[in-house]
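Multiple structures follow.
In what comes next, chain A is part of two complexes: it sits with chain B in the first one and with chain C in the second one.
On to the complex of A and B.
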């Protein structure tokens, strides 16, 4: 490992061999702090982990046993690169709930929708290409985009989601600058981390603008069926089958441990996705696909989603009422579904600098900087209410309120701008999903 | 030999501790020891009570509770033999300004420093205190939490305007700040093994960092080039080795320690930091020093455990 030139060592004999894109992949102080978040003493309002305790685990155990005993020779074997056909048939039914008409042949099953994100980025992005995304945007997508050396340009959202006029202005500017925009990445329902939903009225507007500029839409929809009060809005894909690649997932509506998601894409794109997926993983986990197929065949999965919605609504209410009571000086949205509250900190606080203090106080959140490609977001934090019980959420907010008070005191002592600017994107870890 | 390694904990350095624990476990197992890893939680005391006769505990916790003497006090209370410094001495070594004051009094050189709690800045006005600091110390200065490791919360400040931000960063990790003259020179870490008259040094490791030797530099290979042994003259080597042994002796450290220092332009060894539970990860300095000294890690760790047991 010792360098012949200097006689020293950098502890990695392959340092000069890495691709340029690997240089940004570094373990950060933030990642280290999250190591504590998994301990039971810590109330983690950080991760987007679904409430698995709400599933009928005994029944699922029996289901898994039967799959291995009765279908083991299939379940434990390689499968099709595009995915298990009976599952693809089910996925078509699932998507119909959001107005999508598709054929099982249109569906590509992936290892979570995270792999679908990677595949789409791999087949479309050359280094330096532009991806337009909401501000803020899902940290896991930003990590994929960075790994493929894309440039991400953010477009503002408001309470009705992506702002069409801002999208149009951004695309016009990028066109005038001669930049190549490959796609718009959007989470239209119960946005991660923003919590907002793209209004019905804006959906055709966004699609129309993208069509005019020749920009593909990548619709990422893990939370669409997790609305608290209303029926799902029609998916963008249902309005523009040729202009939209749709990503779906069982991670939030069933269980992320199976790692099963999917993509639905225009025909030619789908062909490339299958080839890209086969070259990456040969085929998605056959055992997981059979498990999900059995679950959809034999369990009241829609009833389970309804239960989840009730549980998440209760947790959302617990978080919002605790925030109103204990951190009234902050502001936040009240999401109608999904997992997240996007909270704006009181003036002068920096979400990233405050994190060690929060970890000391045994509460964890995700700093807003993780959700931007360009260092914004230091004034926000993402709080997840999906996993802790309402009592733990209340306790977590109580701890967070203490942290905010202490940090405000420090910032007041040293001057309002002492918290400083943000940082660049974090590489996603399962904590941040 | 049965060894129970304590790793994890709830400090900001949990991740580093877990990685250190796994490395030491592997090394000890390679020489035939039976090793278990344990976190610090409500199962700890029953586990300690069931440690087999002739077993020893090795606390590899970094940061509070592992290095501040409290875990050591618990082990002493239970009468469990353990590797490393005893509780009283750990408590002194853990608080940087206290350790620095003790060392200074004993004639060990350490950069000039002041220590203030956040309340002092509030009571007398932060701006005036920071101005006084900038007048007294030629910038750059190092701002660091009075307790803690892995360079968490540490900033090197070259510009007076940057001081408030560095203070906010520091106070997020703890309520007492140490502001220390940043000394230029050759940065070295000297590891010590043994106790009292039996203490001996391992070869000094030199650290050449591009930019600050911060968390990123420490735990991502690439930004730092290490030289083991350090590229020192015989006189410099004697100075840093003498300083490390003196720190180990003056602070009453046991079994192993790592002393971080700078060899300044006058050839003095200026002590920056003392670690009673030095990092043992794949990028850490203590294992590098051992390897540079031609020592096999498993054998060395086993010897450390045996000496602790024989106490």
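On to the complex of A and C.
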């Protein structure tokens, strides 16, 4: 019987052939919901898509024209696996804004910083190795860690980011258990999804603890330049060049459509990253790299970042004031930068089982369970204010408030919703990034 | 003592932390040689860089300008992990030229077909699994297979490509040994580096053998439309939609700088490929995908391929006639398409140990050892005619002839060179692709 004859269910003739790691690769039910949530009538507070409407498209179009006409034989050709050298020189300058001293030879350009995450995990993780990460953590990183069969152990955050005492306790326990901890994965600035920033005081503490336990630090910093009120804090990498792999990205400070990110790593690690990247993609896109280089060369990119900060601050304000007005029974942090509010639902509500009802009410969010490796998070949701206009944000929160009210009514009648949880988002989707 | 104090040798503080797979990631000595070989005074017959000088850069520049100005909010944004749908529709049309019937939903767009190779290997290969591949095979595929700790077993080719009887014998032996063979990796058209094409007659034979042994076929076809004399043969995928994963690329038929390739796979496999790709890079570059889409929409891309075919044929002729004239003591195939001549050196010469002397004589090639998993190939070299002009090709062959003459003289005096071999190129470099 062929798959056509079975009508609907397609059998997988290669089911027995997959690698062990592939069995965990399943599309979660959340993905199907987000396919619905991408319809225009739904207000999506789910996605991490940056607002790029403010970019000067006429100027950028002319920039692309000139790149192809004047440098086409370079832009359209294969390039170096490590990345285009003039771009790596620029990246060194960008990182200097966060106190990092690096050489262009330390930089590896990647297809978005997501690829850098994948490469670092690939060269360090054997199945069963432990990665320590904040609770909660970026869904896309958890997807990569799961794909490489790592075990993730979460460490608590508070309003000042990762709690050093908790980190120390966790590393001590794992050491006593004989586990191999390969690295600490951390988003120190404007955390995704937590919204908090690791305080200046705690930065050397975290580094000191990791150094004592021989644990590498993987510093993922897509939002560092997007603070609303203050200059960026010094990067962890600026305090420990040999102990930290730093990941950066142009997706949030310029545009994600070029897929250009980077890693900066200690010398020997950098060499392996280049080899792993060549194996994965041969080389990053020259066309994209020359575009970013020309943008940094000829445009007021720091002025553009300032505009983004103002736009995102306005949207953050819209979301926070709408939440205060319409969902006062929930609690949340007020982020100083980045894209996300991490909201704790009123007692008894379940973020996972509420999602279909929210989508029916034409508002989408990401349930907190997506951001944990271990099924926690059913009491939280992530709300993004980066993409919708302030008016749409307000409308989205209004719809969400209606859903929350209905859920609370149901809880009053039938008791707390124990459903959901556990079934986390196995792999990142661009919708969720 | 810090690494600076050791002067030169940098210690790797993370040496104990690497995954098992990373220990094989070492830069080969050949890479260092190619850094020298990229100097302009060296005629490189090594690289697989396509000739893109013939592209209409003014038109393409204007095309890029319009994409950014008119579709910037899409082109510069994140996209779907599976790829931009209008591009997937075009890809279906491109594949129809080789007899393939597919649906856009079967297509996964990747960062060059190299990424597709990586993703397929990732979802199928557990350490120690066997991949059967032609002898020789594409260096970049061998690098991916090694990175995923596969074992590669080579099967002989002749002038009509992979030899079915050898394939059957090999699969029977591996089955008897209890080995898990996951797939056959094959480049059926204008093989890299072999230059040969799998005959029409053999195609169903190869598929039948693989089906009997339950072995998936991975058909890698970057050169299929670049035949000099005839229309493309039907793809293996056209004869066995459920038994073949097909990989295609725009790098050789248009331009590699956008890094756009694709995979077409049976439905369930396709789903896992999308998840694996999202984990690796979130999504392929929208800017690149819209560029390819506009190119296919508005340009005479088939006319451009015809021009490429004529240019490459002229270069092939230049190389073959120079070889006949200047290195008659070697033997080689005359390829009907693609980029490569696979040359057998005169008795007693070693392609690996000859390379430094060739680079000194300002000509570069890739030693045959790069194309085997098991140290074979010291008696062969791969010569590329895709990038240099006919005049430069002739000059390169002249220099190579001088080196071969010197080597033969040395062999006459001191006996055959037993050096080299074994130390294969661990990872693909864009220079070698």
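What we mean here is this: the second predicted complex is superposed on the first by the 415 of 433 C-alpha atoms of A that agree within 3 Å, B and C clash if a C-alpha of one lies under 4 Å from a C-alpha of the other, contacts with A are read in each partner's own complex, and residues count from 1 in each chain.
In the analysis below, a residue touches a chain if its C-beta (ideal position, glycine included) is under 8 Å from a C-beta of that chain, and two chains touch if they have at least 3 such contacts.
This one's a predicted model, so the numbers in the text were calculated from it and none came from an experiment.
Of the two partner chains placed by superposition, A:306 touches none, neither chain B nor chain C. Look at A:103: by the touch rule set out above, it reaches neither chain B nor chain C. Looking at the shared chain after the overlay, A:359 reaches chain B, while chain C stays out of its contact range. In the superposition on chain A, A:111 contacts chain C only, with no contact to chain B. Shared-chain residue A:257: touches chain C; no touch with chain B. Of the two partner chains, chain C is the only one that A:49 touches; chain B does not reach it.
For chain A, the partner with contacts to more residues, out of chain B and chain C, is C.
Once chain A of one complex is fitted onto chain A of the other, the partner contacts of A:409 are limited to chain B, with no touch recorded for chain C. By the document's definition of touching, neither partner reaches A:212: not chain B, not chain C. Legend: residue contacts after superposition of the two complexes on their common chain; A:123 is shown touching chain C, with no touch to chain B. Chain A residues 3, 10-12, 15, 26-27 lie at the interface with chain B in one structure and with chain C in the other. Taken together, the chain B residues at the contact with chain A in this complex read 8, 10-16, 18, 118, 121-122, 126-127, 150, 152-153, 164-165, 167-169, 171-173, 206, 208, 215-216, 219-222, 224-228, 231, 282-283. Against chain A, in their complex, chain C makes its touches with residues 3, 10-15, 17-22, 25-27, 49-50, 52-53, 55, 57-58, 60-69, 72-81, 111-112, 114-115, 118, 122-126, 129, 140, 143-144, 147, 182-183, 214, 216, 242-243, 251, 255-259, 266-269, 271-272, 275-276, 278-288, 291, 426-430, 433. Those residues of chain A that touch chain B in the shared complex are 3, 6-12, 15, 23, 26-29, 31-33, 35-36, 39, 41-42, 350, 353-357, 359-360, 362, 407, 409-411, 413-415, 418-420.
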